[in-house]
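There are two complexes below, and they share chain A, which is joined by chain B in the first and by chain C in the second.
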Partner chain A sequence: MVNLLSLVLVPALGAVAVAINSILPRRIKPEYIAASAFLITSALFFIGVIVGFSGFSIGIINSIDFAFTLQLNGISLPFLLLAVTLPALGLWSAVKEINSGKALFYIFYLLSYASLIGVFISSNLIAFFIFWEIVLISFFFIITFWGEEETRRKAGMKFLIFTQFGSLTLLGAFILLFIYTGSFSLGTISSMISLVPSYISYVIFAFVLITAVIKMPMFPMHSWLPDAHVSAPTAGSVLLAGVLLKLGGYVLILFGSILLSSVMRSIQIPLMLLGVFTVIYSTLAASSQTDFKKMIAYSSIFYMGLVFIGIASLNQIGESGSIFLMVSHGFIVGMLFVLAGILKEKTGTRDLNRLGGLMSKMPLYSVFLVLAVIATLGVPGLSNFVGELLVFIGAYAAYPITLVALAGVLIATNYYLSALKRILYTSLKKTMSGVKDISYADAVQLSIFSIFIIIIGVVPIVITNSFSLTI
Partner chain B sequence: MIPINAEYVLFAGALLIILADFLRITLHIHDRKIIHYLTLTVLIVSFAAEVLLGNMNIAFFSSTQYSGFVNGFVLFIASAIYVFLLADTKDHSVFIDFLFLFATLGALLVVLSSNFISLILAIEMISIASYGLVFFHKTDRQMEGAMKYVSISFLSILIVIFGSSLIYGGTGSLAFSATSVKNYLPFIAGIALVLAGLAFKSTIVPFHMWAPDVYETSDGTVTAFLSSVSKTAGLVAMIRVFFFALPVSSNFVMVMFVSLAIATIFFASFMAVVQEKIKRILAYSSIAQAGFAFVAIALLDYVGVHAAIFYVFSFAVADALVFLAYKLFEDNNIIYKKDAKKMFPMSKVGTIGLFVGLLSLAGLPPTIGFFGKLLVFQALLVHGYVYLVVALFAIILFSTFYYFGLIREMELSKVNNSLRRYGANMHVKEGVIIVLTLALFVGVVFVSL
Partner chain C sequence: MLYLIILPMIVSMLLVPLIGERLIKSFKIALTGALVSLFLSTYYLFKYFGNQVTESYNWFGVSNFFNLSISGDNLTLLMAVMVSFISLMVLIFSVFYMKKEPQERYYVEMSLFIASMLGLVLSSSLLLFYIFWELVGVSSYLLIGFWYKKESASAAGKKALIMTRIGDMSFLAAIVLLFTSTGTFSIPSILQELPALPNITILLSGALILIAALSKSAQFPFYTWLPDAMEGPTPVSALLHSATMVAAGAYLLVVMYPLLFAAGLNTVIVSIGFITAVLSALLALNHRHTKRILAYSTIESLAFMFIAIGTINTGGAVFYLMVHAVFKSMLFFISGIFAVLIGVQDVYKLKLKRLSSTWLKLPALIGFASISGLPPFMSFFAHTAISANFTTIEGLVFTVISFLTALFSFRAFFLIFNRKGVKLDRKVSTAMPIYILSIISTIGGATLFFFSKVLAGFMYKIDIFTVITTAAAFLGVYVAFEVFYKDKLSTASASFKDVANKLMRVAYDKILFSIGMSFVSAGDAVGKFDNALSKFYDRSADSALFLSSKSRRIENGNVETYIIAILIGIIASLVVASVFVW
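Entry: the complex of A and B
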């Protein structure tokens, strides 16, 4: 049995090691320390998947029921897979991009890694919230200090203000749960949820919904995401789109559709409409982008909209589809952001109008780009297909009208294929004549992403069997 | 019972220092270091006495259930600040030592006072000592700050005295333990006046005007003292008077308190956003923190008071930390927000201390600032103030702007290695900052008091 504590402890110790290393007279590169922390954590995770995980618990403050309790709940495992693997895969991009303040960057990167894992396995809500906030702060620093020079300060602040608002409402929901059930422990709360009066459960759900809407993000609260993505370094984008957005879906499933499903059922129609509107809106917004990274950012709002529809359908198939889609989208969007980062690195721009004909110069890159784009469009055999199918079946079972969202898939196909055309197929621009293909290290990084996408697409049962919709 | 406690130690120590200074002058010893170390010893001994055998029961002064905790952390912060002061390159006069001890003693006595007379005397003890502390370097600007402080403080204490005389008219007694209202009108007028007077001390809007100016002009260590120890005394005095002493729990009083608290938090946060000088940002943030503690006091029940006490502890430590850490940079002419990028090359420990202190003030976990806010929100929600909590969420969000706006200016990533060590005894100062930073994490064990 692998103790869950080790998954949090190893990256945290890695961060400490980087900090200590930076004040020693003879230093080793912080990348090596980070890489070994990532390797050990991933190895521990995969061993744990095979031999099983054991929980960990230590009481800290009894009067407010604050215990440091790590335990898997029904839906932890697929999210844990994302949280463990994606930041590790993004490391190579960080190695290439981060030149100043390396030690500090890896401290924040490892801290956010540890706390992202911690969020998904902590079953005490205070511990949950502490991890949640550390992710947020570390991420604020990653954007503000290592982002793109012109926009980073504004984008970082915008990210912080939006998501901090989401955190506060989540904290409000937690405190209300504590007041009425007398516990911050997830297990106790789920068994005593009937003690919460009806109107209070509406307030709690409203708080959770605001958090999810900001974090996923959904329509009125989405404007922080494109800015944050454009400004963040590539490794940060991978982390942000791959794992951070999934936190919103995670809390909505956990506290919405599992814990307060009756409340959610009573406002199901508006929720589904919100999802459908977000899907259409974000695809239209994505169609008009010329920055490749910004286009991917809007398209991840689109996928989170589909996830939202799946969760709001409140049946087994839709919810499973949402979780599946989140995992699959995590890998695909991570790969797309790495590809966008490479594009900027090799050609100096991400502007689709200034690119063209790169197929002849970057054949290996083209293979991966085409793979990623057709995967994101939901071609059968690749991972997104299963997720989208399940979500639409679930949504159809709940309210057939939600199939309007299929129009979003059509528009997405349009803009992704046109982007593909503008990057790879038109005649080569003169400025692009000196562009070189990707290195083998890049190819290895992208291949690992591809392997995950193909495995999940061909054998979807590895994901669908890994969770059950319980606490 | 052993007849010794922290207050006796401090009082005897302060007198001893005067005596020792006479001896020093008589023997023609020009080095004042020995007196300073004696002062430090007095502080540490009294801290030990408070932790080991802190209790006090004489006429006018008595221990309550939480006074041991409050006095303990007040002495801890005071000792930390004094060590920092001691490490300063510029020697200070013995008079400062004496004032420092008396101000600390006053803060302890406020917590223990059980009668309006003793309360007023204890507050005066802090105030009179603080005037001298503000006039630390005897510059013109400090003279201005001290004069503002003196005039406003006199006004506030007069209001308290007048208010307590009205309360005497309403209840027939000045003791906290035996008050039953005989005549309601003078009583409630007295409450309002005492509230106004104590609000001056604890910088509740609209009685906060002196604070930014005085904080800005004073020496960094004195600011740290005023914003943590002195303000703790003011807030605890409010708890003493309005919760333990007087039967004031009524809707009218609660609404009055809550609206003052909300006004404090909102006004101070809005003012902090537009400031350019770092010290003024910190000063306004310190005012906003007092508002958060006051909103918990306003509930006037055990849950609220418990939250308030812990909140006061959390922001007192954090305020002492940020002002001390900022003093490292203030000495090197980092005055404005835009200069903050020079901080990290100057002192890494100082920057990290300032950073963690700001996180705690902004209420982010895992620092004790988060747990303080958690308790305050819990207390508010138990009483059903959902709208109030939502309003506070909005203002916390708003305050994130100025806390993180300051943190953002530090530019931790762009460090060139021209590390300039400056001033003597940096390791001592940085040691103090490390201790206070750790206290922000370890302090969580006191949540259940």
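Entry: the complex of A and C
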């Protein structure tokens, strides 16, 4: 049995080690410390998946209601997979991009890694919230200090203001839950949820909904996301789109559709319509982007819109589909951001109008880019398909009109294929004649992403059997 | 064990990049794969002849089981034999034709293409059908855009995928509808439960499936992607136009026809079929490029299949599909030989070259006669099959179409070939598939009686109408001979061309273009709005940064200030706390 504490402790100790290392006279590179922390954590996670995880609990006062408890809930495991693997996969991009203030960067990176894992396994709401906050703060620093020169301060501040507002409402929800059930323990709360008066449960749900809408993000609270992505370094983008956005979905499933399903059911149709609107809106907005990274950012709003529809469908197929889609999208969007980062690194630009014909110069890169784009379009055999299928079946059963969101997939096909054409195909631009193909290490990094995408797509039971919709 | 039929091509897809061109030539791997597939599908055809065997695999389960099942019966296995046979021919032809192209990429994509089509014809669960359906679309996108440096090729690939994706999404919607109301993906079970379903579900899912088939098979109003798809390498066109991709749409209708009839859509299918047939015959008459002419003729042949399905003659449609696959792939091979040996594919430019190689001329004659449905070729029998259930009016329209068809196909023939003239070199790997296919097209007519026994819902009829349509076709051949070979009436044909040009292509493309542009401008509008929204929110960030720049003065490093601030803070919190306690 692998103790869940180790998953949080190893990266946290890694952060401490990086800090100590930076003041020592003879230093080793912080990359190495980070890499070993990532390796150990991932190894522990995969061993744990096979042999099982054991929970951890330590009481501050002698009561379960306040105890710091790490425990898997029904839906933890798929999210944990994302939280463990994606930041580790993004490490190579960080190694290439981060040149100044390395030690500090890896401290923040490892801190956000530890606390992302912590969020998904803590079953105490105080611990949950603390981890949640550490993620946001470290990520704020990652954008503001290591982002792109012109925009990073503003984008970081926008990120902080939006997401802190979301944290505030989440804290409100937690406090209300505590007041009416007398406990911060998730297990206790779910068994005593009937004690919460109905009007209070509406307030709690409204708070959770605001958090989710900001965090996923949904229209009209999405505008922090494209800016944050464009400014963030590649590793940050992988973390942001791959795991941070999923926090919103996680919270909505856990506190919305599982804990307060009756409240959610009463406003189900407006929620689904919001999801459909976001889907169409974000695909249309993505069509007009010329920055490849910004296009991917808008398209991840699109997929989170589908996730939102799936959660709001409130039936097992739809909810499972949205969890599946979140996992799948985590890997795909991570891969796309890595690819966008490589594009910038090799050619110096992500502007689609200035690229062209790179396939002749970068054949290996093209294979990965085409694979990632095809995967994101939901072609069967790759991971997104199963998620989309389940979401649409679930959503149709709940509210047939939601099938309109299929039009979003069509528009997404259009802009992604246009991007492929403008990056890879047609004749080579003169300015691009010196471009080299990706290195061996890049190929390994991208291959791992592809392997995850293919395995999840071909053998979906690895995800569908890993969770049950309970607390 | 039916999946063994698909497996060789999947193995070939994986082995080609793994082994690498240097160690073993890629085409050898792909050819072996296709040969094994052909062998296995023939074996299973004999083994399961007259029976139906269904193999079901559970993919995953979420509150319901998501089953993938394949079935072997006369229809699916005959289709598998046909697909693997045509693929084998195409791969043999590719050995010579694609010699100078990147081998690995080509054979990986071809293997995926063939594997997905084999999977598609064997599937008996809608989910699995859809999976392969999408894979066929994606691999054809990759293959059409094979020459990615050409602007036109990459545009054509993109167009093909987007146009067919409209159908894919509508297919997916139909699957969602049917699965939600029946709880299963299995096609036989869904068709069994049809009477229990509400009318609206049947009508909606039937219409969605029809849209899917129309877009995949390049029928009106989706046909424009297919002529553009000629930008791909010729062997790709040969495969895409005959056994795979476009055939998938017609095959879907064959498999799902009880649903479409229950929805009462047969008249719609027949009318769309006739509209497409007339339109494509006129457009074929109008074009100069060999591959484009052949593309329009493919659209027309698919329209024939749709008409046959709409007139409740699915067996006839399948028979025509197979016959068409044989002669159409052969014609594409011939046009590919022009491209390689002469370098031009424009019929009027070919006319100037004065070609007269018998080894090409004879197969071409067989091919173009097959398009026109002339006796004694196999296609003639297929035409008697598709027209078996026609009413008088349909028969009359079909007569007109026969005339037009013969006219455009023999226009191409008479323009390209001369009685005497230049001879072309012959290579075994190119000539062999052409010979094999032309022999089948010539003597395969007798198989009509075999197919009418083994395929369900097969009808054929040889009566006075057959005589009339055949006569119309011969008239078309004669007119083509007079006008295009002897160059009489060339002004008439020129003016006709102008009219057709203006009527069909230009106007329709403009409409499609403006639809596309309206989406683009909608995207731009939303993008602008979103930017404005983002600017609006930016003020929050600006004000925060402004406040922080002001408040920075507080953090001046002066310890006294800090201590005072801390004291004030403690006092304030004590006050607040005491207020709350009291």
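To be clear about the criterion, the second predicted complex is superposed on the first by the 466 of 471 C-alpha atoms of A that agree within 3 Å, B and C clash if a C-alpha of one lies under 4 Å from a C-alpha of the other, contacts with A are read in each partner's own complex, and residues count from 1 in each chain.
Heads up, the rule we're going with is that a residue touches a chain if its C-beta (ideal position, glycine included) is under 8 Å from a C-beta of that chain, and two chains touch if they have at least 3 such contacts.
No experiment lies behind these values; they were computed from the predicted model shown.
A.B. asks: Answer with clash or fit: chain B and chain C placed together on chain A by superposition.
C.D. replies: Overlaying the two structures gives a clash between chain B and chain C.
A.B. asks: With the two complexes superposed on chain A, say which partner A:L104 touches: chain B (first), chain C (second), both, or neither.
C.D. replies: After superposing on A, A:L104 lies in contact with chain B but is clear of chain C.
A.B. asks: Contact-wise, after the overlay, does A:I161 reach chain B, chain C, both or neither (first, second, both, neither)?
C.D. replies: Touch status of A:I161: both partners.
A.B. asks: Once the structures are superposed on A, label A:F145 by its partner contacts, choosing first (chain B), second (chain C), both or neither.
C.D. replies: In the superposed model, A:F145 contacts chain B only, not chain C.
A.B. asks: Please indicate which partner A:I179 is in contact with in the superposed arrangement: first for chain B, second for chain C, both, or neither.
C.D. replies: The first partner, chain B, only.
A.B. asks: Count the residues of chain A touched by chain B and by chain C, then name the partner with the higher count.
C.D. replies: Larger number of chain A residues touched: C.
A.B. asks: Of the partners chain B and chain C, which touch A:F129 in the superposed model: first, second, both, neither?
C.D. replies: first
A.B. asks: Of the partners chain B and chain C, which touch A:R153 in the superposed model: first, second, both, neither?
C.D. replies: both
A.B. asks: Answer with first, second, both or neither: which of chain B and chain C does A:K421 touch in the superposed model?
C.D. replies: second
A.B. asks: Output check: A:A443 vs chain B and chain C. Expected answer is one of first, second, both, neither. What do you get?
C.D. replies: A:A443 sits against neither chain B nor chain C.
A.B. asks: Would you check which partner chain A:V95 touches, where first means chain B only, second means chain C only, and both and neither mean what they say?
C.D. replies: neither
A.B. asks: Just one of 2-10, 74-82, 146-154 or 290-298 in chain B runs into chain C once the structures are overlaid; which is it?
C.D. replies: Clashes occur only in 290-298.
A.B. asks: So chain A touches chain B in one structure and chain C in the other; where do those two contact lists coincide?
C.D. replies: Shared contact residues on chain A: 153, 157, 160-161.
A.B. asks: Can you name the residues of chain A that touch chain C in the complex?
C.D. replies: Per the stated touch rule, the residues are 153-155, 157-158, 160-162, 220, 223-224, 226-227, 281, 284-289, 315-317, 320-321, 357, 359-360, 370, 374, 379-381, 385-386, 389-390, 392-393, 396-397, 403, 406-407, 409-411, 413-415, 417-418, 420-421, 424-428, 460-461, 464-465.
A.B. asks: Show which residues of chain B lie in contact with chain A when the two form their complex.
C.D. replies: Result: residues 359, 364-366, 370-371, 374-375, 377-378, 381-382, 386, 389-390, 393, 396-397, 400-401, 404-405, 408, 411-415, 444-445, 447-448 of chain B touch chain A.
A.B. asks: Can you name the residues of chain A that touch chain B in the complex?
C.D. replies: Residues 60-64, 66, 100-101, 104-105, 126, 129-130, 133-134, 137, 140-141, 144-146, 153, 156-157, 160-161, 164-165, 168-169, 171-172, 175-176, 178-179, 203 of chain A touch chain B in their complex.
A.B. asks: Going by the contact rule set out above, which residues of chain C touch chain A in the complex?
C.D. replies: 59-64, 127, 130-132, 134-135, 138, 141-142, 145, 148-151, 153-155, 158, 161-162, 165-166, 169-170, 172-173, 176-177, 179-180, 519-520, 522-530, 533-534, 537-538, 540-542, 544-545
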